[in-house]
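Every chain is named by a letter (A, B, C and D) in the order it is written, and numbering of its residues begins at 1.
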Amino acid sequence: MSSAFVSLQNVSLAYGKTVVVPDLRLDIRKGELVALLGPSGCGKTTTMRAIAGLMSLHAGSISIDGVDMSRTPANKRGVGLVFQSYALFPHLNAFENVAFGLRLKKLPRTEIIGRVEHGLSTVGLSHLAQRKPAEMSGGQQQRLSLARSLVMEPKVLLLDEPLSNLDARLRLEMRTELQRVQRDTGITMIFVTHDQSEALALADRIVLMKDGVIEQLGTADDLYNRPETEFAADFFGFENIFEVSGSSIRGPQGSVSISFTAKAGHLAWRPGAVKIGSGPHKATVRGVAFAGEHREYVFDTGLGQIKASAPAGEPAYELGASLSFDLPEDGALSIPAKN
Amino acid sequence: MFQNNREGLALALPAAVFTAALFLLPVGILLSEAFQVDGQWSLQGYFDFAAKPLNQVVFLRTLKLGFLVAFVSAIIGYAAAFCIVNLDGKHRGRVFGLVVLPLMISPVARTYAWIVILGRTGIVNDAIQGLGLSDTPIRLLFTETAVFLGLLQLFLPLMIISLVSAMENLPKDVVPAARVLGANWLQVFTRVILPLTKDGLVLGGTLVFTGSLTAYITPAILGGSKVLMLETLLYQRVNVANDFVSAGIIATILIVMSFGANLLLKRISAARS
Amino acid sequence: MKVLLALTTALFLTSGVAQAADKKLTISVYSFAQDAFKKALYDPFEKICNCELVVETGNSVERMAKIEANAANPVVDMAVMSSHDALALARKGLLQPLDTSKIPSHADLYKSAQDPIGNNMAVGYGFYATSIVYRSDLVEIDSWADLLSEKVKGRVALPNITGTQGPLTLHMLSKALGHEGIDFSKTIDAIGEKKEDIVTFYGRSSQLAQLMLQEEVIAAPVGRFAWSRFSGAKFPFKWAEPKEGQTGGMNVMLMTKGNGNEELAYQFMEYWLSNETQTRIAEMKLDSPANAKVVVSDEIAESLTYGAELINSLNMLDSGAIIDNRDGWVERWNEKVVN
Amino acid sequence: MTGTWASRLIIGLTLTFLIGPFFIIIAAGLSAGDFLAFPPDGLSLKWYLKVFEVESFRESFALSMFLAVFGTIAALILGVPAAYAISRYQIPYGETIKTIVAAPIIVPGIIVGLALLRYLVVPLNFTITLALFLAHTALVLPYAVRVVSSSLNNLRSDMEEAAVLLGCSRLGAFFRVVLPNIQSGVLAAFILGFVTSFNQVPVSLFLSGPGVRTLPIDMLSYMEITYDPSVAALSALLALMSVVIVFVAEKFLGFSRYV
């Protein structure tokens, strides 16, 4: 509690009568880069808007740096937000966009100019200071939006899907940029994303959400390698999930026995962990797709459909071919039963 | 969307209260007067009104001219809109601008022109006599024809605008596609263009019809006391006889007819699809 | 925005203040020849009284309806209208009895003009004859019945029943067609049968002048007061002397009840009725004098309804009879003629 | 496709019907003769000059200008916040409010004028000018709301949130961020409102009193009295004024998309 810089206690959020987030507790340390991850509709954006003050609390409290902000209006919270759409002011040029908040603070002119120039140079836009947003590329707009928030020296910087509107190359560039900025400024950052790879690459800690509830909270390593729930497992690539019942596992089509003992709960395998070509189980190839380094298969099995993949160098199985496979103990993730 | 709905209400309320108090309330009282006879609620005023032959004639004439203007403007409107939509961008903008332009010009100026055009010594009569169609000038002013022409010129732009914007939303190449599938032009119109632009037609039709019902200047100048329409009759009843009951009745009729036209056209367009 | 608001308020205030500052008399008059009346009557009076005349124009019956509508809070202080419309207002109790001692010229008026509607509710200021104006190059008119004849078919206008000239025309037509009775029903029916041959039913004499100059109409009944609009025009107009004689009427001036501007109104009435003004107006051929002391040349008299002899020869309609029968005429007219 | 000649003919005829009369009016006003005629009897500018000498035209023009400018400004002062509320908030009874504000378009103007005369001017002692001002404001209000709403709907609302997070109050965000970006919409609304109000006849028909008349009403009564070409000249001047306004507006705002 004392180490928390941003602290959400029993926060409940609702649109009218529809409760989106029932009861959320979350502590974020100073200088951390945290990702709110989850599918759309999971409440991550709503939570972020509540931290920013754009959404009023139905119940609970939010404090930042030890100060209760629950009733503080958005413009007094000292929180920055980089919008998914960037929300740049079309009638102002880059310089004026960045200077917007500083001018509201009635800072001396020279200080404003200094901070804006520094802000623009931090994101590498010094040469475009006179451009209007409409005359800039998506990546430039993104960086401008970032600079506009950064110059305000917010206590917390929120980013809404910061990479989603960029193409693959820019995304990588921006990812590095964000990490650098965070390292240089030591600012506490919370970003919202639906893309697990983005969260894994950027975040110190990941908050995985589903239906307004935190499904799992931990480091990238925790979530990727040790997901604790079926949802988390599925989200991080353990796509073959089966319920354990005694010495066998059960799928939608039936059960097969396993060669090792498992705890009650579920067992899950990534497609790459499925052993193809030998083993006790039989499968028919239902789908096959070439994906560069891998071939991805869908098998019809006694359990139901499973997904598997094999290195592209190995011989391919054709559609309709029969083969043997195994779900080995090595590579199996055990998800203990709840409660 | 912002959450603070009370704030929103505070922003919207002044406009609503202003209109309600200074506009709807007085109009409402006026309309309600027509339902009162000697302080009692009654429909007697309406029966008396309907019983007078003049009122019947004026009502039917207003309805007839409204329909006629809407119908003819739809025909011209479709032809013109189709041609405008098929122009290239630059010309389309210009022609469209010229169509919109008359709407911005005082209807008094617009109607006044017709006095010069339709008069005994006006250019239409000059043309008719010049072409040898008639030896003597034809009386055009103070006839339904004159009112019809004036209204048509006044409201045709509304129809064209509605139809042009409906046609601009037509999926590209539906007309050539229908032609390739063997439809003749009439079939293209009835099977493809009409169903796809019916919303525009409904909007334009409503605007033109209600506009014609409630126009004052055109029937006043071009029709005079011989071609009374509901709006000019209302003016006359009030101005000559302080007859506010008739005024309220005519007002109610006009409003009901406007709404009715809108509903009817919507119904028709819904039934077609 | 704020500036605009302030500006609006300022404008409203100043316009209100400017209006309140001056002495003002609001009069309601016929709409014809206003330019000439301005020169002959309004401008010189404004100089004398050091006040502002606000002039409302329109035909008699419309202005009467307006006075009635505004009875609770009279807008118009002093009005001139036809004697029967004045009588209608008097019967409704909307007029203020005149104190003739405040109008010294009152004694100089023709007897019939001194108290034309009783109880000193009004004084006559001008007589007019009504006959038919026609284009002598195109047609010859010597009877009121000619109005419904083939000669002027499609090129004749009649005054609307609601106006002042309407009943007068019906009166003379009845005489010419040999129809008895004040209900005029046969005459109205006769007009109804010919309605397609009538260009329009005009509401104001001024409007008729326009129609005749436009060559839409070549013959129509009209009051002598409008004659000046025709006499100098580009076509040979002629004033008919039908065998049935001419009709005519008297225009009167009156004061609305509780107008609060009596002194100025009396001053204006006196000015208008004075020998000097009546002579000037007569010499400009605007109106025929009611002041018996006015003497004009024969040439001027030719254009006017001048002299006791002529005035006595007019087939006038009694004001009371007009008011009592008007509703019936209008009803039948609406039924047979204008539909 | 139909031949271009047919399409040109149709457009040409339609435009002739719609716009031709104005050329006739302009020409008739140029007549050197004393009576309205087309083709004109000789050419002269005297009737165009006479328009400026007629006192009642000057007065009624001033009144119409006053109503058009300030009525529209008042409508914008009421309408912009309402449009903002409609597009940004979920107001309770939002639909009802929208219907109320839009009502003046549906109610025939002549009735409005009559109702205001009967129930505001006569019993409550409102001046005619005030009643006219209120009526014109209410009349322009729906256009103001409609045009400004459509501009607002094209403006993402997260921009205002961004401004708030940068330290603006809600009101501050409106003036610093929203207003500058809907400027052209507001201006278009102003022009549309101005033209609507200036050309308005039916509402003003009953709302005229001694010395208080809007220009169109004054023209109507002047037309009945005189048959000289000055009304044609005035009509032509007014048409020209509208053309200039619309042309400028179209050039800078792309006005016709708001109509």
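Rule of thumb we're sticking to: contacts are C-beta pairs under 8 Å (C-beta built on N, C-alpha and C of every residue); 3 or more make two chains touch, one makes a residue touch a chain.
Being a predicted model, the structure only gives us computed values, none of them experimental.
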Note = By Cα-centroid distance to the whole-protein Cα centroid, the innermost chain is D
Ask   = Where the centre means the average of the CA atoms, what chain is farthest from chain C?
value = A
Ask   = Counting C-beta pairs in contact, does B-D beat B-C or the other way around?
value = B-D
Inquiry  = So the centre of each chain is just the mean of its C-alpha atoms; given that, what is the distance between chain A and chain B in Å?
reply    = 58
Ask   = Between chain B and chain D, what's the gap in Å when you average each chain's C-alpha atoms?
value = 18
Inquiry  = Could you work out how far the Cα centre of chain B sits from that of chain C, in whole Å?
reply    = 37
Remark   = chain A to chain C, mean C-alpha position gap in Å, rounds to 88
Ask   = What are the residues of chain A that contact at least two other chains?
value = none
Message = Residues of chain B that contact two or more other chains, please.
response = 4, 115, 121, 238
Ask   = Which residues belonging to chain C are in contact with no fewer than two other chains?
value = 69, 214
Task = Going by the contact rule at the top, pick out the chain A residues touching chain D in the complex.
result = 52-54, 73-75, 77, 79-81, 83, 85, 87-91, 100-101, 104-105, 148-149, 152
Query = Once bound in the complex, which stretches of chain B touch chain C?
reply = 52-54, 56-58, 115, 119-121, 139, 141-142, 224-226, 228, 236, 238-242
Residue ranges of chain D in contact with chain C within the complex = 34-36, 66, 70, 73-74, 77, 117-118, 122-123, 125, 129, 209-211, 221, 223-227
Residues on chain C engaged by chain D in the complex (per definition of touch) = 1, 4-5, 8, 11, 15, 26-28, 31-32, 34, 54-58, 69-70, 72-73, 75-76, 204, 206-207, 209-210, 213-214, 234
Query = Which chain B residues qualify as touching chain D in the complex?
reply = 1-2, 4-5, 7-16, 18-20, 22-27, 29-31, 76, 79-80, 82-84, 86-87, 93, 95-110, 112-117, 121-123, 152-153, 156-157, 160-161, 210, 213-214, 216-217, 220-221, 231, 234-235, 238, 244, 247, 251, 254-255, 258-259
